[in-house]
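There are two complexes below, and they share chain A, which is joined by chain B in the first and by chain C in the second.
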Partner chain A sequence: MLELRKDIFADERDDNLKEIGKGTQRQDMLGHVTGTSTYFDDHKLQGMLHLKVLRSPHAHARLRRIDTMEAERSPGVRRIIRGADVPVNLNTLLSLINFGKDDEPSLAVDKVRYKGEPIVAIVADSPREAFEAMAKVRVDYEPLPAVFDVEDALKPGAPVVNDVYPKNTFVYHDVYDHQKLRFGDVERGFAEADHVLEQRYQMSPIEHAPTETNGSIAAPDTNGRYVVYTSTQALFFSLDTSAKILDVPSNTFHFIGGTVGGGFGGKVDTLTEPLAILGAMLTGRPVRYQLGREEEMQFGSPRGAERIYIKDGVMRDGRIVARKIRAYFDSGAYTRLSSYAVVKCVAHLPGPYTIPNVHGDVYCVFTNRTPATAMRGFGVTAMDFALECQMDKLAHLVGMDPMEFRILNAYRDGDMKAHRREAKNTALIECVQVAAEKAKWPLREEVKRMSSRKDGGGSRAAISPTPLEPAPQRAAVSQQRTSYDRAPPATIQQPSPPTPTPPAPPPPRPQAPSPSHGAARFSSVFGTRRR
Partner chain B sequence: MTKTPLQFRHNGRDVAVFVDGGINLLVALRELIGDMTPKFGCGQGGCGACSVLIDGEVHLSCLTLAETVNGRSIETLDGLKDGPNLHPLQRAFMEQFAAQCGYCTPGMLMAAKALLDRNPSPTRAEVIEAISGNICRCTGYEPIINAVLTAATSGRARA
Partner chain C sequence: MAKHRGRGIASINYPIGMNLGGDPSQALVHSNPSGKFTVSLSSIDLGQGMKSVTRQICAETLGVPVEDVYVDTADSDTGPHCMGSFASRGTHRVGNAVMAAAKEARGVMMEAAAEELEVNAADLDTDGRGNIHVKGAPHRSISTKDVAIAAQFKQGKTISGRGIFLVPLSEVNPETGEMSPATCYAHACLVAEVEVDDETGEIAMVRMDSAYELGRALNPRLVEQQLVGGAWMGVSHALFETPEPYYPDPAHGPRDFVEYLMPGPGDICPHDIAVLERPAADGPFGAKGPGEMCANPVLPAVANAIFNAVGVRMDELPITPEKVLRAIKAQGGARPQARR
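Coming up: the complex of A and B.
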């Protein structure tokens, strides 16, 4: 146990951390009300240049030719940046934790895969001169068939959105085109159920619409490094991503941020920093790259749309006996964070309810839409919308009060969750009771007396027999090593050691990765515990 | 490109700059005067983050041509406090927790100041109307409305 010498600071701070109900002031409030809080764009640097990006007007097209000759000669232009100028022009955000393959260029080279995809960056003395030069760039597009619907994207013969994933699905553990959950036997559950209800739910993409658009200013520092003022929500994540894309050690950068004009998940994607820094490297001048509002909407990732099918079996007395879910996350043209959203979603199934038979299949699907990313509970929010709509419909079907129906099916301490973990510290029953009370919603006395701490476990702690499914063929291991993995060169070149034959279900675990940063510590992303 | 000389009052001080034809007041204030309190949010009059007062009336500086303010008086959040003393609106915003990310706050405060200057005792509906052009995406409208009403009360108490 670490000994803290609190006596040194005893007169400066007490150990009373009880803050709830006290109304403690935000530390940044004075800056906010006086306008002195410094956002990234509030830095005015001598000789600052402005970077603007030419974007694809097509959802899917081959780039036959990009002609920047005339634009180069346009007044005020300092530098035009093309894909070939980006040191590592392929990245995926979660490659920092060895999750997924690099699939997204900073500037498109051969193809564009969504409307708004960056193609050429122009660095000029003023935004206006950058826009004038942009109008002089000639791009010869060959439009390709596009796919905008998640289920269409999975049909045979669908256009391949992202060549890194030719089946239009993210690939988990080099094998699986989706994430699975299997607990008990849903088909037997449906056969025994008094009612079966199958429904389809569809969410739209949702734009974060922060009042401050994404942006950053990068400038050569006095010590050979680069200082970067940024709107990012994830300072070190953005720093490491920039280091990978620009192929330099991460201590090349001094990132300054923290004052963010609204993020909500939409400022984790490192959308602007790499090009702003590259512009500063190529011109030796400070470079500002700020998205306009239209770019924020078209290029800045939204919350991904989800399509969800739920089939439930319910008894006349209100017990849900089987729940089968098939869902598709629309990742857009690139992965960004949708692969992780799917892992979270499956971890959340079947909602906070004790159901003896659960079957879940959730896909991360590529379409020619704007890539999706994090947003407030992503992966869980839309699924909860669908699940709770379904709960109301089921309650109606069996003629029960919807509040009481939830209390009846809620997890209780000691129950077995579909993930084969015991439910602990559950509180849904109490939450519904309080919500009912606040809403003056009448509950029967016996329901008011129910508790998360009573009547759990026992038969509710059982794992129903689960039918085995054949294990899929494991393809050659392709979890990539990237230049960011600064392991000794010999191990970069060699594929990881072969995997032992996976046991037929439970699903095979991913092979232990060759030693690299992060992978073990962030194992929750992989859905299994490593080491 | 020919530049146009431009003089106006900025928070009570005379300023003079040369501007390119066609630039907006927001750019002139931020890049030429160095007043970073008005914010860029959309550049198309949709969000209100760039709100400033021109001769006491609230305007969107991103849609105002800089050349049109020659000889006029501009107020921004930078001039709201009186020396070290916060304006009642600023104190009320702090006390009522009326800012989260803070990016809409400069525009909100200027819209609220324009309201209280012409109507020291607004109703709740009048406050809502006055800030209806200002978007708070952290959706903290209720504390903002309460703060403006609180400031109106404290302002009257002082008068």
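Coming up: the complex of A and C.
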């Protein structure tokens, strides 16, 4: 049951609208309920091939040798793709917005860093023939010690998960292994507090569990272009990522999507498009790459785990005077988007409450598990679990009603938030009051009269003196440029014949500023190229 | 051995759009010669209703009926750039881009109508039913269809508009974390009631009551769909789901929906929802976005309800019967707290 409380904040709204506020039936409803909406996998193209990837059985191992001789002779196999065939076999998703270093290959070359990491891709006439060939690939692994716990990963001597980040943490501002939040003086707050409560919270990963698993179909088009039907949640994000990995101009691709069978954050990573397109480039045929259910569950990126420590100082009258938080985001073996979620989490501290002293340290940690990614509530869901369990414990500790305890501490218009911006347009108090009313939870009259629009600001808008640690020397900026700035490719790839002749040596290209591009790579398609 | 009921609450807020901004979206709006409008986007409809809210925003801004607007999306050759459908940004970012495009198209449409009616465009208004009339003189009117025909074949005008919305990227201070993460926030409070079996550790959801503040419910039925579904995702996260049941030990991962547990039809309970609307200054018609945050208050509210029922604190997710039973045993039996 949904009830619109038009009586609240009515003076801030114009309700005289014609189409807005109406429960109009969705434009795509009939297609969805009659099963006729078109999803990416509804495109059955003539001569379509199927791509499957061989995944690592080890959480961490050196790849001594990959032998595909027998697999290549397997019936129905059209092409086996190895890391060396991927034009730019190292990427990080947020290079599109110039954040972080390239750290993840499309296909593993020297090492595998999580169980399930793709090593070779097999393009065959049918999925079955691809799986049969996969069983004939021989990989010689040298298992390496692995680390799975975020705090173990930070200990001296822990196995290095990802060579790009040798301390097993993402690097913030070129110097820090975490993002800081400093607002007021928590230690002084704890000294003044009547009670101090410190607790640990742990959220395990969860799966997006979409009805439609991740996938795409790429097909050669005219004029050297490729059409790509995809389940992506972010059309241009996936298009631009594919253009970077395949080192072609973005208008090489015609991406078509838009109707997706559930995303929840799990379809941003561009897991399938680059290999499907590369398969189409190498075979000249349409190529479909869709994750199976087991792959989606185990190796499609999940919402990452988080471990959170909260220490609070609270007064007998219920006012929280200090909140100190240390949190570890388990990013898995590569960055994907966890580095971004850490900053979003820091911005969210200390929750929707006005607390004069707040201290936060949040880490993005690498472990030998499936890389984590965005999911509904990214950077906030686990922290809200921890904060709100903590709020309940604090209310219990001081003997207050948990609803009234939240209203007492709630942020209001004009208050200063810990990220040093004024709170505006707040409505937490009203939500608590209305939820109490609906649940027939008794509140005292004076608490019912409180408002987000009253009694904020003033001393609540002040920033207390904030002690800061001495800032370390900053190294020269090592972040790469955004992927949109990358140099134009030297040659534009035409649809490939079965055994392409290497093109003429390309002219020298400007050296990319990132050291992660340092290696010379050989590609059977694009020839040797200085990156 | 008994079943114990308990209630728990949680209250939260949630930022709208990509953290720090810097995430643009574009929209194009144009009319065909019959006065029917197409919105061209590259945004994705994940099932949340992206196409519907942008359609309503476009119709409201143009002043035409919603049936006269069709949203075409997610073709990179025809739709202009959009960052994507995530970070609760669809309604706010794409909605604003569509609004800007529709405003520009409306301007041309009113100019073309003014020329046909031989009046000043500033004196005209739309009736939302497909007509443009002189303010205060509804009999002096022309249909949007006739305006579109005149614009196309007589006046040589394109009734079209371009829109972009961008919150400029914010810096982050390395030492203090000072930043501008978001321009507006949605809010929620949820009360969960559970029943805990102290013999098996099983938890049954009894009911949920909630209040969500979203700026503006552009389409209340789509809002309800999001909030009901999202709250169940929260219950599932709290009590059932994980691909690593013994985290950080990665063993025993599920491979399909038989092994990966989620609530079924027998597990659901009544959920009464109130929606509050405090318009955001920069939201399209004040709208924020209900997408992500609706799951968040459920997890802690359920954990707090379990404490109220049997007196154990469950600080690790998911809260499985095994964990509850072990915690009850460790404390020497259920200790129901004051009923509320």
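One rule holds for everything that comes next: the second predicted complex is superposed on the first by the 460 of 531 C-alpha atoms of A that agree within 3 Å, B and C clash if a C-alpha of one lies under 4 Å from a C-alpha of the other, contacts with A are read in each partner's own complex, and residues count from 1 in each chain.
Methods note: a residue touches a chain if its C-beta (ideal position, glycine included) is under 8 Å from a C-beta of that chain, and two chains touch if they have at least 3 such contacts.
The shown structure was predicted, so the numbers you read here are calculated from the model rather than taken from an experiment.
In the superposition on chain A, A:Gly261 contacts both chain B and chain C.
Contacts of A:Leu30 after superposition on the shared chain: chain B is touched, whereas chain C is not. Of the two partner chains placed by superposition, only chain C is touched by A:Gly21; chain B is not. In the superposition on chain A, A:Ala59 contacts chain C only, with no contact to chain B.
In the superposed model, A:Tyr39 makes contact with chain B only, not with chain C. In the superposed pair of complexes, A:Asp384 makes contact with chain C only, with no contact to chain B. Of the two partner chains placed by the overlay, neither chain B nor chain C lies in contact with A:Phe131. By the touch criterion stated above, A:Tyr176 is placed in contact with chain C alone, chain B being left untouched.
In the superposed model, A:Ala209 lies in contact with both chain B and chain C.
Set against each other, chain B and chain C differ in how many residues of chain A they touch, and the higher count belongs to C.
With the contact threshold set out at the top, residues 23, 25-26, 28, 32, 209, 259-264, 293 of chain A are in contact with chain B in one structure and with chain C in the other. Here chain C touches chain A in the complex through residues 7-15, 19-20, 22, 42-47, 49, 51-52, 55-57, 59-60, 63, 65-66, 70-71, 73-77, 79, 81-87, 128, 169, 172, 174-182, 184-185, 187-191, 209-213, 216-224, 227, 230, 233, 237, 241-245, 247-250, 253-257, 260, 262, 270-281, 285-286, 291-293, 295-297, 299-301, 303-304, 307, 313, 315-318, 340, going by the rule given at the top. Those residues of chain B that touch chain A in the complex are listed here as 20, 30-31, 34, 36-37, 39-44, 46-47, 49, 76-78, 80-81, 86, 90, 93-94, 97, 99, 101-106, 109, 135-138.
Within the complex formed with chain B, the residues of chain A that make contact are 23, 25-26, 28-35, 37-39, 41-42, 44, 128, 208-213, 259-264, 290, 292-293.
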